[in-house]
Every structure is written in C-alpha cells, then in structure tokens.
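As written, the chain order gives the labels A, B, C and D, with residue 1 at the start of each chain.
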C-alpha cells in the first residue's frame, strides 16, 4: 500500500440515479491491486471537512487507470460527486484482502446487491483473464438504480419488479446453485443480503466469500475501529483482515455495523 | 540561493532523547508496523504503543468509530493483545524499525499498573512508559484515576517505585482543574506529562434512534478538541516544571507550533495519522521551515515563548 | 395531496409552558431586540437574556472571539448593562415582543445571586430564571460554582428560597462527573437543568506568538462541542428526574433531534444564531417535518426515546 | 437589515494580485444601503465550514447589484475567491453605521490604505451624486496591489515606490490638509494608518471618520464580541455602533484587534 498525494481526477460521471464512477491514473496502484481490495480516499486534501477518509472498492482497473463506483449517501460522497477533473484527491491503496480466487472451482458466481456491484467489475475481469467460468446475479431496488456491467449476467432481480425478476436477489440464488457444479460464491451488498447468501451457501456447503462494510479510520489495521464480530466471538478488523472474508468466519447474528 | 540552514529538531524529555519532537499517539499508530509503506516508526521522534493491559482485551462492541464535526468519536475499549503477546509478537517487529519506543499501559487497579510497569521496566528496548490514567478505577467505585488528584498521585507514586526509566503520565481533559492533577502527578514522581486524552462524547443516529457507537459513549479527538487541549496545556505549563507533551487535534505544523509556543517540549499526533499518514513528516518539514523563516536554530527555543 | 397534519410543538418545563421547544441561549441573542429584521423573540419558545449581574460589567479586553475548527471561542466576560439598566432600558422593549422571557443571572457570591434572584422574582414579565453557575466564585478561591457539587447545591438552595417561579440551573461541562452536579442541584430545588455551557479553550496566533483572545482563554461553542453536550445530557438524563434543556452545537433540526431523543424536553440555540439568524425557524419546521414523516403528533413524545 | 438566503453570484473577478470583486443582485439591499455599511456573508450555506460569517464593506452599488471588494487573507476568503456564478451565498445586510456625510463641508477627503479602498467606491459615488467636492488619497504596498477606482485621485503612495510617491499615505496627508479649506476626512485601512490619520486630523482639529475592522460573530450588536476600547475606557461594538466612528471616540493606544 502507498499514499498518493494530489491525484488528478480523470473523470467523474453519473451512471445511474445516485451512482457515479470516478477514475484517476495511478500506475503503481493499478499494477498491484487485486479484486476486492479498496482505496481509502481523502476527499478534500488540505481541508479537514470531512475529516476521515472514505473507503471505496476498486471497481475496475483499465490500463493504469483506477476506477471506483460510488453512491451518494451522505456529505462525503455528496462532495465527491461535485468534484471535477481539475480537483485532486489523496488516495491510499490498495488496501485489505481481496477475493481469494480458487482456481480449482468450475463455476464462479458473483452475487451483487445494490452498490455491491462495485467490486464485481474488477473481479469479473480477473476471472475472465484467468479463463474461469463466471456469471453475475444482480439485484437492485429498481431499474433506475441498475448500473451497467461488463460481466455476463445470469439473472437480475429488483425490489419493485422494474427490471428482471421482482424480489430479492437471494431468492434467485438457491435455484442457480442447484443448476451448477462445484461452484464458489463471491458476494457483496447490504448486510441482510450477505447474511442470507451466507446462510444459503453454508447450508449447501458451498464456499462463499463476502465483502463487508464498516466505518473506518486508519484503513490499515492500526486503530481497531472497523471490527466485526467473528464466529468465534472475537473481533476482527475489516480493513486489513478483510474486507473479503470467508462467510463462515463471520457471526451473522450481530447487528449490521454500518 | 542561500544554503538552507540545518535546524536542530532534537528534544529531551527528562533525559529521554528524541531526534525530533513529533511522537505517534497511543492507539493511533497500532503497534508501530501497521502503516508500513505509508509511515514508518522512524519518521517520529518516538512511537507510543496502543495501550497494553496485562490480559488481552477484546474491546467494545462495534460500531466503534464515528465522524463528528471536525472530530471523531472512538470507543475501541482498549482492545489489545495483552502484555505477553505484545512482548513476544509485536515488540520484536517494532524493535527492528529502530525507533524510540514508549509503552503505554493501563490497569483496573494500582496493582495491575505496577505489575505491568515492572515487566516493561525489564525490557531494554523500551526507554519510557506512558501511563494511561483515564480508565475506570474499580476499587474506587468507578471513578477514573485521571480525574481525581489523589488517586492519580497514588497511582503515579506506586509505579514510580518500580519503574526506573522515563515515566510519562497522560492526563484526561475531563476534569475541572487540570492544574491540580498535574501538580499531584508531578509531586508523585512523574518525569513528564502528556495531555490531553480524548473528551467524553456521544452521537445519536436519528434514523435508528440509537447511539451511533455500540458502546453508547466514546472519546472525542481531532481538530474539534484542539482549543481544549491548548487550554489544558496552558494551565499545566503554569503549574508544573516537568516537560509537557501536547496533543489533541494536531493536523499540521501550524497546529504543532501552537502547542510548542504554549509550552510543549514535544507533541503527539493521533487522529491525523488516520487522515494523513505522512502527517509526521509534513509537520516536521513545516516546523523546520518555520524555524528557518524565523531564524530559530533549535526547536527547543520555541517552547513556552507565548507572550501574554 | 394529503392535508398536512398539525404537529403539537408545545412543551412544558416544570410548569413553564412554551409554545415550542426551541429557546435562544444566553449571550447569543443579546437582550432580544438586536436581531430585529432577522429574527424575532417570538420565533422561539423562550428567549434567555444575556447573563445579567448586579452591577454593569465592561467585559474582557478584545479580541473576544475567534473561530476554531467547527467552533468558536469567546471571552466576552459577561459584559452586560447591569440589573438596573436591564430592567429599565432593555426589558420594556423585550416585553413588547410578547415572547417568554427567561432571565439569566450570575454573581461573584451566593449573596449576589440571591439579591438578583429576589429582584427578578418581582418582575411579573419574567416567569423563569436561569442560573449561570460557570463563572468564577471569588469567595471560593476562583473555583466556579458549577464544578463542585456542594457549592452548586448551596447556591441553588439559597436562590430557591427566594425565587418562587421556574428555576433553571445551567451546568458547565468542565467537570468529571456531570451526574453528581445534576443530582446535587436537583436535590437543592432546581426545577430544570440546562446543559451545557461552553468548554474551556484557547487558541494561539503563531505569527504574533500570542493568545488570539485578549483574555488568553475563552469558552468553546458550536458544532465541535456537540458530542460533549450529548454525552453530558445522556449522563444527566439517567441521573435526575427534572426536565432537561439540551444545548451545545445545535445548528439544524437533525442536531436538535439528537438532543430530544437523548432526553431533552427543549433545546437552546446559541452559536447558530450568529451563523444563521433564521436557525430557530428552520429548526422548528424541520422538527415538524420529522414528526410528520414519523407519525409523531406531539414533540414531547420524542424526549428520551433513545434505544440503548 | 435582512437575511437574504441563496443569493446567486453575478460575478467574481480578480482585480489585482490578491483582490477580487464579487457582485450579486439584491434590490432591497441595494436600495437601503449607505456608504460605510457592510454585509455579513455566510460563505458556504448548508455547511459549517467556515462556521462564522465574514464581514465585508459594500464597495459599490450599481443598480440593484451590490459589489464587494475583498482580499484573500485566510481560508474563508480563499474559499470565496473560488466561488463561481452558479454558487450561492447567504447575505445579511446592510449592517452597521456608515459614513456620516456632513453637507456643510467644502472638501471631502477620502484616505484609503490597502484594502481600505473597499468602502470608498460607494462613498465617492454618493458624494458625487450629492455634488460634494471629494478626492482620494490612496496608499498601497506596491503597484501590483493597486485597485482601479472611479474616484478622482489626488495622490497615490506606495511602500516600494512602484507607483505614486514612495512612502506611507499618511505622509501625504498633512500637506493635503493644509491646501484645502474646511475639509472632512474619511479613512479606512490598517489600524496603524488609521491611528496616524486620526492623530494628524485631531491635531489640526479636522473632523475625521474611520472605518474599523474587528472579528465579528453576530454582526448586529448582540454578542459583544467585536468591541474596541473607546476613548472613555468603555468598550463599544464595531458592528452596530460602527464600523465607522468619529476618530475621537476611539482609544488609539490599544493594540490592534485584528
């Protein structure tokens, strides 16, 4: 990991109702990052508003450009959405432990809910380059929040039925898992969705990796601020031990942290 | 162009010699190696470890942090690996980094502090100890050692007896009269004081109608508390003679200068490490620049030059 | 479109009935008429006057204010026209505005407080009194009444004897144990508590190497202190039964909601009046909107609903 | 006085090394303001950074447009300089007591040092419309800081001699005052300059009005934060009793407040 000061923004464009992609050129970061890892961004270098960095998954790497996909949630992402190519950011990355791609698996199923699509672009591209069979199961609230993706989509669901099947993405999962051999699941999305995905996979004894969110301060494992409870009752820091975990490592009975 | 004059940044804390006055604050620089690639222990004059307790502590339930206006709340709850794991697993990796290491410790009772201090005293790689006295003293009915001058003094005295190297006591700002605590601790044998630790604080999630922190309340740090830190430093500076280490909201060299001018010999950087891991390096070059512009050759000349 | 339901914003502070829970904080709304054209006393549930003392006070030497990270320091020094001029010159103009007036007073001794309270008690237009107990108590050697439970109680008791209407005591956050002070003051007869007053703070001008404030130190207010205010409110709420008025860094209705949910019956707006004179109006419409969205018909239903 | 929310910026342009003029349309304010009065501006409505408003003299009124002239000093004015016409401000005004134009005076001398030029545009225009003879004595550090003005200039001075006479503007004042009949002086600029102007005028028994600066919170006389010491030893608030004072009312022996 490295800190990159004064990174010029290459582009910052709206891709759906509330989501934007932002890209910047950092050759060193582009070369060393793995799918599932994240960048920790200081949104207004030189000012302390907001004070803390914000973590974002790496959505894709294109050449020496790093791309993130983000949703406007609060004041920090609101500010980010207004940033223009003449502005600069301060970026730390790549951080955390990404997806652990098991080359022996025959079918790699990506399950994304809402902004959980963010790390999937990069993961899909990596699986493609490794020539591993993969598909995306993608759920969103409504078609207006659907974010275009390069990955081969096997099914889409939406809460309001405006695109794909009406309902939760997790309702599509059991059938999908039945229909394929020796699968592995990589999931990212809201806590309740991850919890459901983890339960389904654990019941079927299918390996499942989840990408978690948490409030973060340092992003490097120093402050112990971002912990979640693990299945053995101890606390593990999401920023350095994750954000991607084997789903069996997590205590799914705790309250969602964010 | 004139050749840049070399500024002497060395400071001394009651015999403990530091190559520069910028120290990593406890709990914000882990065990010293987590920032590898971003910041090195050697960037600092010294590195203070996360608070260590006798037994490992899991810490508080999450969420543990939350951003506030120009600040942050944390309720980490002194999560740490405990003394044994610190000594065996964490310390060796930190020692390799060749930085000055200050151990920060806490206990529930005076006896626990003393036992830990004895153990730390034996470790040759650790030349100084910082007592975190802001945790509840169970014996005294839940009152923190740090908020009562006589408890603070009793604790310091007991540790002083067994600890032979540089003894620093870290004070809490959650008091009415910091001068009384500072004097009591000085009299009890402390070599230096660090101030301040975090302020008690809380935040509420109005959607969930719940405290944001899993632990309900937490400690406030960052730029928001800088005025409170400077106030406490100012009061302590006019109450004791031992060297003071100032901290609370220092983000850049201008902040650090406010503390030095008010009376600090050295400063600690806490929350700033999260925001900008190169804060220490930036602050040091900023301090050197200020000295150069103002024809100051030794950083120690700045301490306490406040004109009132 | 559905017809907007009318939200009942009335609150009661130990018998003192207010049309809404948003009160102007002492020292930030002058004597109630300075903001004419920008904000009116009638916008608020009540207006608390600048602290009044027996004799006029010139206040501290300038500079008296300074901006800090998400906050401000002030060292006004209780500058005020004194009781006689207040009663004769300021009060009549405020009475015309038909708002609920709460007088805030301070003294150097218990006797001074009592004398003032007696005078205020006789003024029919003033239904409530707020005691500012955070100013130095000269007789007790410079320790403020507000930081020692027994002094705070003695003061409250003495005033209670002569003051027959609603008696509010305003607490200082510069203490280790707000609960102890709150309980002592409740037991001594206070009808309600306001918390918090400002935190002690300081700022340094690194160019001049001087404190920014002419008085060296001052009181910190604004968003920076909101977490500290909520913490104190939370602690007091779990220690006493009398109604609490929360303040410290409230800028908008979301901030106000944090205080109500934590346990406040009403809130005060201080620094926000400087930043946005229409803050009170904005907060009230925001509160009404929140109630509407959440199917709450009476604002009093929000008090203390925090789930822990 | 009134608070004007969401005021659209009409223009924000650089006029010298560090100075900018900013204008916005507020018909009500434009109509009611007098020279020497100021506006109190919330630089980022909706955010609390910076927290407090910043006071600026009204530099000129053109139709229903209000113009201020400002120098980048700290973070607030830095932010202001980056504001573009699509942004909005929150403006309170007109505030304070402006210049008291004495119609019986034969010669109205405006003395400005540095950014003290700010209120003079508006004052000059008013004097002109009143057909009162007036001239400007204008001192600056260097020609790069000279701000163009509509007012008839009688002399210019600069610290470095790069324009006008080398030296302080106050060195030109005594001769000027000798050469005219029944004058009145209106001065704005740094404290030491105002102090010198006040002394010169008081010695010659010439009426002199000074516009003072001070840190401000409320801007309306409520907080007593902006006081200076008056010649009788009491404190007077600059925002409502001033910012323009009869120079004899001020205790010139105090330290400069800002």
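Here is the rule we use: contacts are C-beta pairs under 8 Å (C-beta built on N, C-alpha and C of every residue); 3 or more make two chains touch, one makes a residue touch a chain.
Since the model is a prediction, treat every value here as computed from it, not as a measurement.
Annotation of subunit B and subunit D: jointly contacted by A, C, touch as defined at the top. Mean C-alpha position of subunit B lies 34 Å from that of subunit C. Computed from the mean C-alpha positions, the centre of subunit A lies at a distance of 46 Å from the centre of subunit C. Separating the CA-averaged centres of subunit A and subunit D is a span of 55 Å.
One inter-chain figure worth recording: subunit A and subunit B are separated by 35 Å, centre to centre, where each centre is the mean of the chain's CA atoms.
Shared interface positions of subunit B, defined as residues touching 2 or more other chains, are 69-71, 222-223.
Multi-chain contact residues of subunit A (touching two or more other chains): 48-49.
Taken pairwise by the contact criterion, the protein chains form one closed cycle in which every chain touches exactly two others. Of all possible chain pairs, those that touch are A-B, A-D, B-C, C-D. Listing the residues of subunit D that touch subunit C in their complex gives 1-3, 5, 42, 48-53, 90, 92, 214-229, 233-235, 240, 254, 257-258. Against subunit A, the residues of subunit D that register as touching in their complex are 47, 49, 75. Subunit B contributes residues 27-30, 34-35, 37-38, 50, 58-59, 61-67, 70-72, 74, 76, 79, 222-223, 251, 271, 273-278 to its touches with subunit A in the complex. By the touch criterion stated above, subunit C contacts subunit B in their complex at residues 68-71, 73, 143-144, 147-148, 174-177, 199-204, 206, 208-211, 216-217, 220, 222-228, 230-232, 234, 249, 254, 257-258, 261-262, 290, 305-308.
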